[in-house]
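Order of writing sets the chain letters: A, B and C. Residues in each chain are counted from 1.
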């Protein structure tokens, strides 16, 4: 395994409204990011700042009214846009996986979890009996006590945290190199939150997965990220190693975020930042 | 932006609105527009093709088809309006009461509705007509009886889904009296939904009236009505197919324009649609 | 004096229909709790612990199966129409889902004016002035009064909900996860707003949350709830990680760090880590 190898590189990404012909004011402007294997890059900003659009652009899943008007995205050495759409989809599905904010809407309610997993694996040419064993062992690895029960359960029978773990398990089964996590903790209770983050941390260490972590919560960044990019109104205003951003924020916006974050932990920590 | 404004912004919706408006106008102003008396029999002119005197020709009794079509609008639209009004009134009261009161009242009302839901429209219509005799009024009663329960159930479901919204709870906490909560928070959205449903159902009801008339259960022959006209024209389907085509076309256009209008209303009545992007 | 007192309040939900008994869920069991006049009480626990059910009972939206809820010393069950009127005036709520707690068909001025209309004769220009005052109080512009819910962000809507809750100068506000789904910056702003309002008006809060950090800096007393029961009540959360109550310990242990790992050590040595 080559630690530190870049798995995702975004260069000068611009996303705009598709009408009229990608010339509208950009929703995401000049965004550049890299994610290395075994590392977590955090993308932080308020809701509506363009974080999620950036993720969707990477997965080539932008809604129809919105298009990528400039910039390049390179995933595991292959640039997006050169391969045909279907080739790219297949490649992307194998190399990158996404864990979404609202896991309930990502599963079809009339199929069991097992059927979902089987279908996804089959789409990538993974079939047969040894597959079944792998699915079970992967689920067990993700702290599911009874993998068979999970496989025969319907999505609505599982909690939000469990469904997120199922999505992570899919990423593991496909041996994805990049995991995109969009607001993994919103709407989950604290204990489930902590567990999901522990899991992502483990994946990064044990499977050498690169993670793009999108959140509005600096404590999630503090828990996991190695690199941070601060996003505001579609642009990245500041980026760097997590320690640098926390100890010496350059932009006033970053400082405001940090002081809001520290104010939750009491005055002693807040004073620290002002000093 | 008003609802009308939003309606006119979409071309298909505007067309539907204009068509529906024209149909209503035909119904209201039939005596002024129609060139002849629809029941005026002139046997010498029977089955004459379209000409400058009879734009759409005449039927097997020499009656002017255009005039009959125009007067037919009156019967169809009038009976459907009566049906919709009755269904809405019944469905609205029962649905709102059942949904908001809940408990025993809800259970009792819904079982009552279930009884009505089990009757097929045509069978009940035939039964009623067998008991009460043929006539438009009995057709209307039959259709209302078989359809109101359906609306009541829909409205109840909608009220139930609204009842536990946080904003209803917030209104209760804010001290708003029950009756005001129903009138201010529950009735308007339910009504908006209803208008859409009813508009889409207008076509369906019209087919019922025409269908029953075609079977000879509703409107009796001399009265101009589209279903009756189709029934009359059956014998001439090979010699003068146009006799069957005209009323058929009228039913088709009316049903379609009200369906499109219903679709358009659904979009226009959504408060979050339209100016979201601005 | 205690504004609100709960004594052994229990709520059990039964599943199943007319025939046969389904399983029953003990949503709230034997809960006793007091909110003093001008005090702020936190109620923390995992989702599904029964916090929201308890909140709804306190608001008089649901009846407890047993036990009593007393407001100003009087049992809610024995309330007359007049008592309810006073209660509705003095006890308000802010829910988690701001978008869901306002009528989407109403402009903001009607949303905020709803409680005012119910209890005062204010109308026309007077009512408008009151609405504008309230909007200013929560940091919004008076011109926002004519807009509709979908034109606001989540944080702004939550301010509107707070303005509605404040419209009648309440004595107690139930905050049901009121900041949980907001962005960090907005969360901090709303918490500051709530704190300022408490200092100005002496209002009491019952703060329901799953996030120990939010209540730690905000409440005098924090009750921990688990599977319908209150497992402990503490006044000081700074030693929550070593608490006797395993539920509280687990909640405290799940709090995400303030600092990244490599900086945390430095911060800890300077005595700044952990909760206050």
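The rule is simple: contacts are C-beta pairs under 8 Å (C-beta built on N, C-alpha and C of every residue); 3 or more make two chains touch, one makes a residue touch a chain.
As the structure is a computational prediction, the values presented were derived from the model and not from experiment.
Shared contact partners of subunit B and subunit C do not exist in this assembly. By the count of C-beta pairs in contact, the leading chain pair is A-C. Greatest centre-to-centre distance from subunit B is found for A, with centres as Cα means. Averaged C-alpha coordinates put the centre of subunit B at 49 Å from the centre of subunit C. Separating the centre of subunit A from that of subunit C, both taken as means of CA atoms, is a distance of 32 Å.
One finds 52 Å separating the Cα centroids of subunit A and subunit B.
In the complex of the two chains, the subunit B residues touching subunit C come out as 165-167, 169-177, 184-185, 188-189, 271-272, 276. Considering their complex, residues 46-47, 153-154, 180-181, 183-189, 191, 210-214, 216-217, 250-251, 253-260, 262-263, 267, 270-276 of subunit C touch subunit A. Interface of subunit C with subunit B (complex): residues 56, 59, 61, 85, 88-89, 91-93, 95, 97, 100-105, 114-115, 118-119, 148, 150, 161, 164, 167.
By the touch criterion given at the top, residues 46-48, 186-191, 193-194, 197, 216-223, 225, 242-243, 246-247, 256-257, 259-269, 271-272 of subunit A touch subunit C in their complex.
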